[in-house]
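Shared between the two complexes below is chain A, which pairs with chain B and chain C, respectively.
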Partner chain A sequence: MTSATSPRGLEWFSRRELAKLPALLRVAPGDPAHQVTGKRILQGLLLLLLAGGAAGLLAFFRGHHVLGTTHEIPWGVLIAGYVFFVVSSTGLCLVSCLGHIFGIEILEPIAKRSVFLALVMMLSGFALIGLELERPLLLMWMAVASPNLSSPIWWMGMLYGVYLLALAGELYLLLARKEPWARRVCQLKSIVAVAANTNLGFVFGSLHGRPFWFGGATPVYFIATAFVSGTALMMLMVYLTDRFSGEGTVRPPNEVLLRFLGKLLGLFLGILLLFTVWRALAGLASGGEHLFQVVRSLLVGPLFVSFWLFEGLLVLGLPLVVVLSGWRTRTGALVFAAAVTTLGMFLVRYNFVYAGQMLSLRPLTGPMGEIFDYSPPFKGTVAGILPYTPSWVEIAIVLGAVSFTILAYVVGNKVLTLGEEAEG
Partner chain B sequence: MRHEDERPAPYWNSYVAGIGLGLVLLASFVVMGRGLGASGAATRFASYAVHKVDASLGGGTRAEADSIARRNSYMAEYLPREGDPFDDFLVYMFLGVLVGGFVAGLGGGRVRFETIRGPQTSDRRRLVLAVLGGIVSAYGARLARGCTSGQALTGGATLALGSWAFMLAVFAGGYALAWFMRKEWL
Partner chain C sequence: MARYAMACDEKLCVTCNACVLACKNENAVPDGAARCWTAQIERGSFPHCTVETRSERCNHCRSAPCVTACPTRASHYDVGGIVDVDAAKCIGCKACTLACPYEVRYTHPAGYVDKCSFCKHRVLEGQDPACVEVCPTGALVFGDLDDRNSRISRLLRTRAQLVLKPEEGTRPMMFFLSGPRR
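Right after this comes the complex of A and B.
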């Protein structure tokens, strides 16, 4: 137990492990191969984190000048990254709460880890949106001093703020072994998580000027994607934690858990597949030229590759093949499915954010400035599509946030008693 | 689904596969009005990647108009100012080949993670040589204005002299290098 080296009342915190953290990065001569690989990866992640930190400082002090966003494409990869992190965090929380709320015992041993990872992902998400907003400190102050209750974005901040506090509270209660209270907080947190996630969907869904995002289906789409991301991340978390610690192999109970999560992933992917198909068909059938052109761009236009490759192959195609075939009993195949789903979901967010803004909203004007068409400046062609390329600063910030999430999870897994092996 | 211990299905008879490929080529001429090709799609992907990475390093969207790929006359051909850089038959074909290969692998029970190599070499060496070989042959394909699909198969089918010269050069190059590389496979 770690209590021998921990301050009184903080039995779940290991001071001894904290002192040993630098050893996580140092490759020692006697290290087994899997630990050497793990340490090399952590070293790489630390470098990415430093690069991300430097880029974050640039963005903080220089603002939008160093981002690739424009007046017409104001939301870029930082917003996509923010959506990825917070929606994945919600999904992780909701899937782990299935154990508490519905008594699915197989999920209970990983509750602490899931909550901790969800917490870290929220912090990464907040960091991304903070840097995107240019003045995060002003935002924090104004959200309290001058709240706009009719703004979905204000509610987004508020609900996710409450969700973050609930995550922190639940983690503490779980670590302090106050299970009954943790269970209650978990139930409340699930409600807040659903509210926050669907409200984030409504931030997009309430923009009637952006037909691709607009509509009541968008919040439901967000919750469906949360379950997909959350399950895939949980599978990766379970696998990687075993793979790079102890013996370097997945422990038998976790193999069973991975197969269970694989089935869940299949269910959620099936729901997402239906959503994707009907959303696309509804877009093609829509009377509005704008929505039709965006969906056409995704299916057979400029976003063809990213739609079919990221959304079709990575998120829906390959993982579904794995979980619906005999491969669903193989750990390696399940982890592959989880990895491509996670990567694909990030790119799906990027597609979603960009596709909503890719068509100019400026009216088409004649030589004398007269307005004669409010529809995008093309009919049936792909001309008139607004470009967007993220700047290296944006890319470095996103990679830094990914690195921070993984490194913080590794540190938390060492220093806190998040799992059985951490207590031994 | 096949079990792990079950052997993969045997490969197709190469003559049957050859006739099948010929029919695909014929269908391509009839339906699309042009033959097959592979390296053209890769060039489009590469040009697009260079364009985007350079714009990204230059500050993002605002640097797109004057990216290094746009200034390069060869790459600029693949980056239309208006329209879609991937709106080309070869791109769709390229993705179709990947999907078709995957499906064929599934059907034959051959889909697995592995490094196919000779018994005397290591995985790392095999991968390094494969990447180097890929770079050399991709560069050669663009110098020759086509690869084994675009030049040898499509051009050869139309009896283009340059394509036959290309094909003979590929075989000559392959035989000339085989002696030096034999240890990688034997």
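Right after this comes the complex of A and C.
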């Protein structure tokens, strides 16, 4: 396919565009300062991607001996990363669809970028869960050959698979300038996205042996966090794309867009704040010893710093102060709020995944408060808090996935002409 | 149709760990993992204290959360209600490990999730599970609950018993005989 025969906007196979790609990483003498900084960052990200790729190969071929997970804590930071990527992708898709579905015109110019970033984030998420699975290749065959329709994980795979296809289809239609069809796909995709996201919540919410995860509120919590991380990511995407291209400053229409997204972020953070407060209080009020101990560990126990610093300060505290104060009109402050929210949301996922497994399911105390001394079934197990520390391989894989997401977005933005100027 | 179950008599179990070693040998259980283990649970304080001693393993629940959670039907109900894992179908997602309220599963180094199968290969040949066979005090009893004359059926009719975490609603097939013989 050449640019002469392809639909408008699909000139991305041209050799001219592809030949420009090495320049993304090469610092030229005439580059302005912001582009030099951008290229240095991309070079660093490329190194991280290579390190993550090597770690991924190690995990794939050496098995899970190189991961920090144990028999008692089988889901670690790779699952937290997977949840972060796919839930953020859903949030990005849903916020971007607000433009199409509810006619919020200010969001429409960034539809292509949002869809592309959502697609890349899904690929990163799938890569993480693929490396977390013991036998990822067998999954592709067994999910079809031996499906268990009562398993939320099976539905998770199917729904996110359909969602990924819908994202790819919508991106194609947007690039091919078939807006009416793209709008229909967007509506369908929104329904699938909500189903996939809440079903992912149900993967955790259906485990009645894990009181911290169990319950119908967990899927709703997932969709609330999707809107938070999706909005924050969209703000970062808009800002960084402008910052490291063209003039190196945010263009006036995007400043208006950032302020609008800041208001949305405030709304979603408010909902999440209520959720977090009432969830914690419900845990403290619960009759169950297990749930009480987990919530206490988060509030005043071993996860104290993690909970209050990341969930309290980074996700809820600082961003809410920005969007509810006079700083909400300042682009820099809004971007700061979006950045700390995004970083904090990753750590919220980590807290969520670890906290659900951190307590041994063995009884801790009896009805009269007596202490049970339980012989451990597995090496390293103690009644009480189970340790988990991510290995360097796991950390490198997650950082590699983050690098892949950013680099793929930068390349896609370059060769797919995702910019809003191409819309006109 | 058989309905297999196991009972552990807490009055007879001395936690000698013979069952643990026999299981490890029979099923080539890797280091750091266990399909069966012993538990000593102290209750109360001196001078009013007791200790429960017993041998534990997968409870082979009639309503097993692991079977529901498994996306590829690797965890399944097998002959006589034995909850087993088909290693060839297991993708290693570990959903079953987290769904199990008893923490009885481990990840085998070969990449699949493993646990007690009531020594299905022995049971199909008419033998007892390895742990039952080696128990020096006869604390472990295995049999078919559908056979009213089996030893386990008679024991469960005549002895006080408990199952682990009955509130989970999993209907375990591993019973602990806690009361005196009648």
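Rule of thumb we're sticking to: the second predicted complex is superposed on the first by the 382 of 424 C-alpha atoms of A that agree within 3 Å, B and C clash if a C-alpha of one lies under 4 Å from a C-alpha of the other, contacts with A are read in each partner's own complex, and residues count from 1 in each chain.
Here is the rule we go by: contacts are C-beta pairs under 8 Å (C-beta built on N, C-alpha and C of every residue); 3 or more make two chains touch, one makes a residue touch a chain.
Since this is a predicted model, take the numbers as computed values, not measurements.
Shared-chain residue A:172: touches no atom of chain B or chain C. By the touch criterion defined above, A:392 reaches chain B but does not reach chain C. In the superposition on chain A, no contact is made by A:275 with either chain B or chain C. Comparing chain C and chain B on the residues of chain A they touch gives the larger count to C.
Applying the stated contact rule after C-alpha superposition, one finds that A:151 touches chain C and leaves chain B untouched.
Of the two partner chains, chain B is the only one that A:66 touches; chain C does not reach it. Within the superposed three-chain model, A:308 lies in touch with chain B and out of touch with chain C [touch as defined at top].
By the touch criterion defined above, A:209 lies against chain C but remains apart from chain B after alignment on the C-alpha atoms of chain A.
Of the residues of chain A, not a single one touches chain B in one of the two structures and chain C in the other. Only residues 63-65, 71-72, 74-75, 133-136, 138-139, 142-143, 146-148, 150-154, 157, 203, 206-210, 356-357, 360-362, 366, 368, 370-380 of chain A touch chain C when the two sit together in their complex.
Chain A contributes residues 66-70, 73, 76, 301-302, 304-305, 308-309, 313, 321, 325-327, 332, 381-384, 387-392, 394-395 to its touches with chain B in the complex. Contact residues of chain B toward chain A in the complex are 1-3, 52, 55-57, 59-64, 82-87, 91, 95, 99, 106, 113. Listed in rising order, the residues of chain C touching chain A in the complex are 15, 31-34, 37-45, 56, 65, 68-74, 89-95, 97-107, 109, 111-112, 168.
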